[in-house]
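Paired with chain B in one complex and with chain C in the other, chain A is shared by the two complexes that follow.
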Partner chain A sequence: MRHNMISLGQRAIQGEYNTVLMAGELRVQDSRIKHLNCAGQVRVTKSTLGRVQCVGELIAEGSGFTRLAVTGEAKLSGICNGDIVEITGSITAEYLESRILSNGTGKKSKNQNQNNSQEQSQKQSQNRDCSWQGVFYAESFENCSDLFLDFEYKFKNIISYAKLFSRSEIECEEFYSFSSLEAEAVNADRILLLTQGEVKVGQLTGETITISRGYQPDQRFKRLPKTRGYKNQNDKITIASIGIMEADHIEVEYVKAGLISGTEVIIGDLCIIDRVEYRGSIKISDKAVVNEVVKL
Partner chain B sequence: MPITKKELLNETGISYGQLYRWKREGLIPEKWFIKQPSFTGQETIFPRTKILNRIKAIQELKDKYSLEELAKILSPEVAERYFTAEDLKIIEEINGNLIPAFVQGFHKNNYSFLELLIMIALSDFKEHSDISRGQIIDIVEGLRDYLPKIKSTGYILILFDRQKDYYATIYEEQAQVYIDSRLSIVKEIHLNDLSNALKIKYRNRFNFQFDQEEEGTSMPFSIEGMGVNRI
Partner chain C sequence: MNNEKIEGVGTVHEGEYNDIIIDGMGKLKGTVTAKKVLVSGAFRSKGSLVAEEVNIDGIGRIFRNIKTDKLVVDGMLKIRRAEVNADSVYCEGLLSSTGSICADDININGYCTVRKMMGDSVTINNDSSGVNKLVKKLRFVSFLYFGRKINIEYCLVDRIDCTRLVANGLKAKVVHTENARLGSNCRIDRLYCDGPMVIDPSCKIKKVITKNEITEFNQKGSSDMADVTVKKILDLYKNSTINEEEAEMMLSSVYRTNLQVLGQGDTNTNTDTPWIEDGKLRIVAFLGKRLLKKGDAGQYKLEVKYEGEALAVESQGNLTCGDISGNASAGGSISGKDIGGNVSCGGSISCKDIGGSVLAGGSISRI
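Moving on to the complex of A and B:
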């Protein structure tokens, strides 16, 4: 029979529970728990947990979660999976697979400096308090806190609400960045970048590339698995700096780029483009500067 | 002679989206995207024959297989390629009657390239010896846990017997191995030679990649003289 439990201090449990509230140290083994709220340290081994909210340290091995929210540190070994996993802090995962994986909650701390340089942010992401290490698989990854993408991952969709850095090519099917972005390259079917924050990318490639000042979420975005929608952050509008863009449909504004090559190309306001190549159609705003236009 | 990206898109009729999706899915190796400086800043070129053949293969197969399946089929790396039980039936060198024994011995339904080589070696051994089906399963079970650790084909497989009880050992080609002289070695197989012969024979069927070879090279597959020495 399922039952509830309140635990203070050290405790070890096994079996089926509805709700467990604990403060201190808890060991959970071969258990099924619907709700677990904990402050302190929890060790979970080969268990299936429903909704888990943990402040402190979570150490799990070969376990599954319906919704896991950790503020602090998570260490996952073996194969762990979850439907929604939100980590605010650091995580080490041998192999974590989830439908939605979130980095942070998106709530900005008072001390967070809006004008962090990349170096500062990299240092911050490498800091033990907010580092991500291991192997992560997710249908959607939500980046809600500054992150350096230097771990092994495979995400179908990436939605970034905070600063995102990568030294290598970011690959996914749908990529949305609503804040600062600095990456060597992005390769995705759909790429949408808002010029709110510093945007600097070497190469963008895919099917559709959109770079703009603002965004009205469309059905395609609304249908993505995610825990939060898009809200205009009203950050400072900047000019995005892109080396090369290659896609079938390209629509950009507020961009400085070396080469844009596409089938249907729309160059909007405040663009400075060295060379534009197009196959089908092209539109260039009067408020854009394009050095060379070539029909392929 | 290389082909530029623009020429490639014109010649094949594919879109940027398709090209980059296939790259992302591993259908087109990243190393084929060669960046070189040009008057426009930078230009991507490809090895002409390889990329055209690859795109033709993808276009022919994409309706039959998912992109994920295609990536495995087209993978140039032996370590990444997996073969299904259906694939085993295509390989003539694998004794069809022994396939259930291999499935039982390996405890799975898809196999690495190395496991495939072991099956070919054992099939050949079965043809020329009185080894039983049960003994083959025993050998496979005895080897199977070591095979995932082996990342190349530069190994030698030795089969030996002691009073009609068969055993196997596998070791790196450069290694010196001294086997108890009371055991009689009945077969020594250089997996690398076996691998080359297999890949050449089935290169079209499984799209094995031979970047270093000239196009059109063909070589008949023969176990005799291809590293399989009967002792």
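Moving on to the complex of A and C:
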């Protein structure tokens, strides 16, 4: 039987529901719920939920979600899966598998829109308690809020719209960073970095590496599963600092690098490169400084 | 647990099994857990497989992840868009994988074409004599079937990460290892090796990079070449190729990198600290290069005085501060004004109002 329910205070439910609106504390067990909107604490055990919007605390065990949006804290135990999972706040997951996993929504509050000063938005992002722990699997990972990648993960595609830090190598198939990035290394088939914000990477390895100050989304990017498209954030353009770059096709601008090694290399404006090794072709802008060019 | 034996054509469905023996044509559907999987005919897996031992004597096509203690390939195993996690992998036939193979011990004595190999000990000896003649003849179109190139002269691996590598007839793009012993006919684009290397003269290694070289290269790139780079940037500016703003940006980039090499750079982004850039004020002390912890700090009688508002404060010694809107934590005592969050310290607390909980080793007094 499907029916709707409004719950205030403490409540425990079991069965099939269409829409559940709750404020307070809710326990859901062995249930199927199409829509769940909640404020407070929700405990979900072995249930299948459709669209869930939760503000407060979500504790789930062995459950599945079609679209899960949590603002606050999420604690997932057992194997949980979802199609789209958006977490704004902190999450602890024993094993979470999803098609799209998002850290933050990237949406600004009204107050923040009025206050465009960069300092205020920085303060707000710093105050936000955002810690991720556990094991995460996803086809696409969207980072819309500052994040330290120190948990176990496997993402096919990573799209970062906010600051991303990692002390180890970031490995995926397609990697897009449109904001600050600090990592030991990035290894992906396709790497695209925008020099908006501070970019510091020890080593980039892949098939195609593009570093530029602006980006016009192409079909390949548009086809990636994601919840939001690319919008130019108009952050301050800086010169990215990269140690070593290795790829078949490399196209860079606004980069300071120690070594660039590739088959087809295009060095754009305001690049400072110590050594370039190429096999096929090379183009160097008049506005670039390259100390050594070697044809392999 | 049941045994499953297919001698004709059949399907193994999701579940737990003791032994799975396939002599004809078998298909696996769903997640299967088994002690032993023996394949003598043709086998196709569309579900993840967890087994103690997997032995492929015939033809195996795997499209989901495999987790096993021991994987033995005597025939042909094709793995597409899936990963292998095993304790040991032993191949005397043909092994192709578009995913990665992770195992403590990988031993290839036949032919392999793999995207990524990760292991403790990796031994690759190219022996394509056992590879089917048809595969050899159709190797130019084999990409369509295997999803990877086939080159009978070499075992092809895009990337290898291992502790010990022994190889003959290997062609790889990037190899990271601590100990390399490369026999005849190896082609490696970039070899990163931190330990001993024995390389046969017939091998062609485009670049060998040791750990010291990477550090030296980075430092050299930032200091020795700095003067030349600055000169070139200034020349560009003199020739009006770049404008003032662009020249400033380039010079500041060079200058910043030099400072970092000299250890005077931007300490805000120092990755050696055990915390991330979170905007929190931390008052810490170093003894040499060692960061003093809570217990250590007490021995040195550190006293920190902080003036002005703060979000949250952590101190390893005593703390004297103004208003704190967040939490305050100190190894010794705390004396301050209003604290909006929780307060924890090893000694006594003396302050105005506290918004959160209080944990103190000594006395608590209100001023």
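Everything below uses one rule, namely that the second predicted complex is superposed on the first by the 275 of 296 C-alpha atoms of A that agree within 3 Å, B and C clash if a C-alpha of one lies under 4 Å from a C-alpha of the other, contacts with A are read in each partner's own complex, and residues count from 1 in each chain.
By our rule, a contact is a pair of C-beta atoms (placed from the backbone, for glycine too) under 8 Å apart; a residue touches a chain by one contact, two chains touch by 3 or more.
Only a predicted model underlies this, so the values are computations on that prediction, with no experimental measurement involved.
Asks: Quick one: chain B and chain C on chain A, clash or fit?
Replies: Here chain B and chain C cannot both sit on chain A without a clash.
Asks: Once the shared chain is lined up, is A:Glu207 touching chain B (first), chain C (second), both, or neither of them?
Replies: A:Glu207: touches chain B, not chain C.
Asks: Quick check on the superposed pair: does A:Asp286 touch chain B, chain C, both, or neither? Answer first, second, both or neither.
Replies: Only chain C; A:Asp286 stays clear of chain B.
Asks: Looking at the overlay, what does A:Asp189 touch: chain B (first), chain C (second), both, or neither?
Replies: first
Asks: Let me test your reading of the model: by the given contact rule, A:Leu36 touches which partner, first (chain B), second (chain C), both or neither?
Replies: Neither partner.
Asks: Considering only the touch criterion stated at the top, classify A:Val52 as touching first (chain B), second (chain C), both, or neither.
Replies: neither
Asks: Thinking of the overlay built on chain A, is A:Cys144 touched by chain B (first), by chain C (second), by both, or by neither?
Replies: neither
Asks: Tell me which partner touches more residues of chain A in the superposed arrangement, chain B or chain C.
Replies: Comparing touch counts on chain A for chain B and chain C gives C.
Asks: Applying the touch criterion given at the start, work out whether A:Val20 contacts chain B, chain C, both or neither, answering first, second, both or neither.
Replies: Touch status of A:Val20: no partner.
Asks: For A:Arg167, is the partner it touches chain B (first), chain C (second), both, or none of the two (neither)?
Replies: second
Asks: Quick check for you: in the superposed arrangement, does A:Ser241 touch first (chain B), second (chain C), both or neither?
Replies: A:Ser241: touches chain C, not chain B.
Asks: With the two structures fitted on A, what stretch of chain B runs into chain C, 147-155, 183-191 or 201-209?
Replies: It is 201-209.
Asks: Which residues would you name on chain A as touching chain B in one complex and chain C in the other?
Replies: Common interface on chain A, chain B vs chain C: 205, 243-244, 246, 258-259, 274-275, 296.
Asks: Could you pull out which chain A residues touch chain B in their complex?
Replies: Going by the criterion above, the answer is residues 171, 187-189, 205-208, 243-244, 246-248, 258-259, 261-263, 274-275, 277, 296.
Asks: Chain A touches which residues of chain C in the complex?
Replies: Where chain C meets chain A, its residues are 174, 190, 206, 214, 217-218, 221-222, 225, 228-229, 232-233, 236, 241-242, 246, 249-250, 253-254, 256-257, 269, 271, 276-280, 311.
Asks: For the complex, which residues does chain B have touching chain A?
Replies: It comes out as residues 5-6, 10, 15-17, 20-21, 23-24, 40-42.
Asks: Please output the residues of chain A touching chain C within their complex, sorted ascending.
Replies: Those in contact with chain C are residues 122-123, 126-127, 148, 163, 165, 167, 182, 198, 200, 205, 238-239, 241, 243-244, 246, 256, 258-259, 269-270, 272, 274-275, 286-287, 289, 291, 296.
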